[in-house]
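Note that subunit A is present in both complexes that follow, paired respectively with subunit B and with subunit C.
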Partner chain A sequence: MPNNRHWEINSTGKKLALLSLLFLLSALICIPFADLKIYPSEPWRELGRIAWGFVTPWWDDPWLLVQALGQTIAFALLAVVLAVPVGMLLAMLWHWRVVRMLAASVRAVHEIFWGLLFMQLWGLSATTGLLAILIPYSGVFAKVFAEIFTRQSPLPQATLAPASDRFSRYAYTLIPQAFAELSHYVRYRFECALRSSAILGFIGLPTLGFHLETAFKQGQYSEAAALLWVFFILIATIRFWLQPKLLPVYVIAAIWLLPETPPVSGGMLWQFISEDIWPRSLQDGDLSAALSWYARVFTSEAWPALLQTLMLTQLALVLTGAIALMVYPLGSRALAGRYRLPGRGLLLVLRSTPEMMFAFVLLLLFGPSGLPAVVALALHNGGLIGFLAAGHSEKQIQRLDDPSGMNRYLYQQTPRLYPGFLAFLFYRWEVILRESAIMGILGIATLGFFIDSAFEELRYDKAFFLILVTALLNILVDSVSRRLRRVSGAEDAGGLG
Partner chain B sequence: MTSVTSAEVLFRLQGHSVSHGRHRVLHDINLSIYAGEKVALIGPSGAGKSTLLDCLYPQQAAYTALCPQQGGLVDILSVYQNIYMGGLERHHALYNLWNLLRPRPADKAQVSELTRLLGIDDKLWHSVDKLSGGQRQRVAIGRALFRQQPIFFGDEPVSALDPTQAEAVLKMLIDRHQTLIVTLHNRRLALTHFNRVIALRDGFIHYDGAAADLSEQQLDALYAQ
Partner chain C sequence: MKSITRVLSLLAMFSASLLANAETFVFTAIPDEDESRLQQRFNKVADYLTEQLGVEVKYIPVKSYSAAITAFRNDQVQLAWFGGLSGVQARRIVDGSEAIAQGYEDQFFKSYIIAHKSAGLTPAETLSDALKGKTFTFGSKGSTSGRLMPEFYLREHFNAAPADVFERVGFSGDHSRTIAQVQSGAYQVGAVNYSVWDAEVAAGKIDTNSVQVIWTTPTYPDYQWTIRGDVDARFGEGFKEKVRTTLLNMTDKDLLASFPRQSFVPASNADYAPIEDTAKAIGLID
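Up next is the complex of A and B:
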């Protein structure tokens, strides 16, 4: 904790430490109530086989691997290419409340849930995968672009004619002013989209996740490892192969690679929106029966699942923070010196592996409780924040008389990046919540489990209601996190964002 | 107080004060500025000149070409685009978007004529982050000229130019605008090119009158420590 010596009221360090303690406490309170049961199993033999598979990657049919890889990239690339202009348009209209609400609600629903929803209409097709990524990402782009625009100098706009139209003004001033920041963010988001695309395989789309799940279920750990290695290399080399000049070529290739979409008539779409997702009683106009139906679903499924989701989120959040603080020095030149390369590798593996994949492996080992989910979420997010913190730590200005080793870590590096670290952790809070909800599709009793089951039983009305509950919970947590960031003074992620 | 009393009043402040937090920047300012006047704002740094410009600007925003102190240039865009954007309101959004990709010959001719007069025509397609301070300042002036408005507001618009250039550019600004309000550090430019001088000191109007009536003594008092 920073500033331990100055324990007076007006200490930023004290405020941040108190806030951290509060979160730690909230997680500790969750422990007895959360479903963290460890099923009796003998994971060590299996773990040994997985580890052996990890170092002996093998794939029989290289063409299939290339295809899965190509489709993973294709979904991610096209979705981002489409989401950027949509997000940009929404960001330009950010002064409209309805736009802000729309963006907040579409990004509150995880890609997997969007995927499950669209799958009912378009099956395992290009449209399903594209929309599943495109819709939430547009909302995220809108919000982040709007935030970037507010940080730009207003001066260039001030010299333009007040009568010039909004789009021209953005095109000539704010967008070029913020160009470097915008493109940096889009690149980062593309990496996230690759992960989203890969895990859409878990609900059946033909991306890496699909083959990974199959390989794991069959105990083909060398095959699973081959997929994972390919995915790590893909992410580690993004900056070499993602050249803006090659983008048109990639887009054409991506369109050609995507699976076909079956024709869906407007009537089917309309029926889905106007009938399928609402309970029968509501369609019949019986409002009181509809209300009691909603109340029943809420008390029997939504509420317990919501509590479970929240508790796992709290535990995962605190564990994420702890892991990030532990691993970031391993990858920082300022702390690990020339031994940082293995640390860098570890951080890359942690942040590149989608939490669903960690959770999947851990579930195989420990059985379907919340524990694998918490550990998986913390490993991935801890690695991600650790990676950003390591970069931030290297950028700190060094002095000749700086302390070294543990002292540098405790007294200098960590206190300096702690406010940014905390802000980014709060920022991830919402993300971790969304992800612990989807962990349910692997069989853990979070919201995703009930949503997935409702879809399997073709109870679209229930699935839709549960998705709504999840989205509302997300919006709530987002607004609490924003308030906390403001109160704690850790508003700016200080380069960590 | 003014030479053209019959002309239309463009700007008026009555008992106007501005504070930034606890610090008073302008005290009880009373002034009217008429169409056709060429006003130089002078005074030591921190006297409130820029703040006074900010107060007046909204009164005629639609007819005023603004040239702020930091220029307001967009770094990654070319000199051409930085000047062109002064006229965005003359075309619809799609035309303006197309211009970012492929400028039309008519627009190119117009803008390059301005850059020729400003002596930066060889830099037309350079991005402005590659230019020197003086060149950047001329791009900012180019944008203001391209606004084609009757009123010009400049905050130290020629401070980075050498004396000959500064004089020529200032002349061009005066020729092309009916009314000007310009803050200047250079007293000589203020006295020779403007017909009215408003001198500010510590947020008060220290002198407001014809440039010709301003004595050397008054000027010395204005800048005295």
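Up next is the complex of A and C:
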């Protein structure tokens, strides 16, 4: 496996330790400034109902459930099928700076925000859902494919005719060389797409998230649990039902399943691009008034929200790392042996439960502050990284004289995984930043909170500007993490982002 | 090559569905009260309208106030059951659109301020200064009863924005969530739609020992049916009037329970001027 090589990068260790300490320190510095207050509450009645609902899943309209499940898969599948060729094309043109910038900027916007933007044009339709997943995923594929290609040996290319063009080089050497790795990544990304698809239901697309959010919001926890269980099972069984041979059948079924797209007039599209997303003053040609409008939004909302978001992200990132290190051995054959099944279950639940639900439960426990946000983000992302790390831990070659128990965890597995583990964390950095957007219910004014408010108040000019600020922040974080990765030797993790 | 054909046929299907344009009259409703089974309940309303209006009527569900407004603006729906604020917002961006009917109860709607017992607040005729420094949650950001009117009266009493009055201000996103969060003490105080609260009390879902109503807002106009101005041109002369009459004549208790209202009464854009003024006063619209 080409992946393993990268998990076993022989680093000096010192650099990695230094980098980890740096992150820990940055989180410690954030603590006094971040708002992590705990409020006393009496959560037990509500928590009891949630727990009871979780173990007594109930859904009375199976047809509705089947429909939502079908739509969830349909959106995810078609979006990935379309995003792969686009991402591949971009990856082939990766030497152009403009392509790298484009990929970074489309990646930087959360699926939910893409969805909210496209909803203004196409309503709750197939087009909105597909584009909302397809666009950011193309950017992700482009980046990861390009990274995979750079790791391939250049030797086979030497056998091609000297006049061969770029596309022949990819078609006859690089893609076949990297095929296993590429398809492994696409598979992993499909699981992410199922999550994205489900979560798009929160803004109204007819996927599982649609009913899940409603049931949860209305306190019908048994129904929410039924949907969650279905989703867990869907994710857990991907490797059984996602057979390459069946793909054409799935694609046709998915096209048939998608909801119809209502007609959109070209005039509306043009109005949205040329008027709605720009402030009044700019449309009137009053440049100085427009500048002062942008400056006002920046100082009153974007800047404080940016600090708040960065602080939460930093704390969540470090806690994510800690949780991932704690939970990964539970799901690894090398460490948990045949007792790994419950551990796998835990990792599945952690990574597949939307953060919004963790946040609500923790809100009941701790009261409204940054604390539930940080813990919710860390549980979800820790579960995800733990799952990836467990997978890689299993691929390690074992020897008869390997240590066992704690010694194996502390002195063999974890050190071996650590460079890749850090790389994962860096990838998740930008993801956590995007996800901190969901925390409006906690009364924390992150960037996402203001973007959501702007959409709710129909101020698309403000929403668009704040999304741009978020995207720039994301691009910045992405380039810092790339640099840190390069310096530390946590170069890359087989492209699992 | 095969994948390219697949992509092309997919794109062809999209554009085909883009062009399909049957004359169906579509309506939506903001997701506010008892959101679950909305589809089933409103499909019955759609059947009733189809029967009475003589055109095919369809209901589409939405998840948020802004999604309802967007669908209305984009002509993806021609009729909508809006809240006070969302109706005002929608009519501002769609020329010629009109409020045609409201629920009987909507002529004198109100909000409750509810508090957890740990806040130490008691029911009173006026807002208490003891609210200062508590944690507080609104419902959805675009809600009239869960946000707009409570915020207006809070600003009026304290002469300050909620963020400056309370230690923390959250948006639960939903009336039921507001109740759950205040009942558990996660937030000490919250603002909630009176009819959702009364319904949950009647259903025995609320432990009135831990959470109670401490203040009631003055009444204001809320939910209404708003219709686009161009429906007569599309569905025939007099169509708007026909829709209005059909709504006003809705007497089936089962259908009315979807809203839930006892009946519908006539309404006009002017009825909602107070809502528009309030929204302007607190800076929600320009």
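By definition in this document, the second predicted complex is superposed on the first by the 449 of 497 C-alpha atoms of A that agree within 3 Å, B and C clash if a C-alpha of one lies under 4 Å from a C-alpha of the other, contacts with A are read in each partner's own complex, and residues count from 1 in each chain.
Keep in mind that, in the parts below, a contact is a pair of C-beta atoms (placed from the backbone, for glycine too) under 8 Å apart; a residue touches a chain by one contact, two chains touch by 3 or more.
Being a predicted model, the structure only gives us computed values, none of them experimental.
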Where does A:Leu363 make contact in the superposed view: on subunit B (first), on subunit C (second), on both, or on neither?
second
Answer with first, second, both or neither: which of subunit B and subunit C does A:Ser26 touch in the superposed model?
neither
Go through the superposed model and pick first if A:Gln67 touches only subunit B, second if only subunit C, both, or neither.
neither
Per the contact definition in the header, classify A:Gln396: touching subunit B only (first), subunit C only (second), both, or neither.
neither
Quick one: name whichever of subunit B and subunit C touches more residues of subunit A.
C
Once the two structures are superposed, pull the subunit A residues common to the subunit B and subunit C interfaces.
none
Across the complex, what residues on subunit B touch subunit A?
61-62, 65-68, 70-77, 81, 84-89, 91-93, 96-97, 100, 140, 143-144, 147
Using the touch definition up top, name the residues of subunit A that touch subunit C in the complex.
39-43, 45-46, 64, 78, 81-82, 85, 119-121, 123-124, 126-127, 201-204, 210-211, 213-215, 217-220, 223, 248, 251, 255, 260-264, 268, 360, 363-364, 367-369, 440-443, 452-453, 455-458
If you look only at subunit C, which of its residues touch subunit A in the complex?
3, 6-7, 10, 13-14, 17-21, 31, 34-36, 38-39, 60-67, 69-71, 74, 76, 89, 93, 118, 135, 137, 140-142, 168-174, 176-177, 180-181, 183-187, 205, 207, 210, 284-285
Which of the residues in subunit A come into contact with subunit B in the complex?
153, 155-165, 167-169, 171-173, 176-177, 179
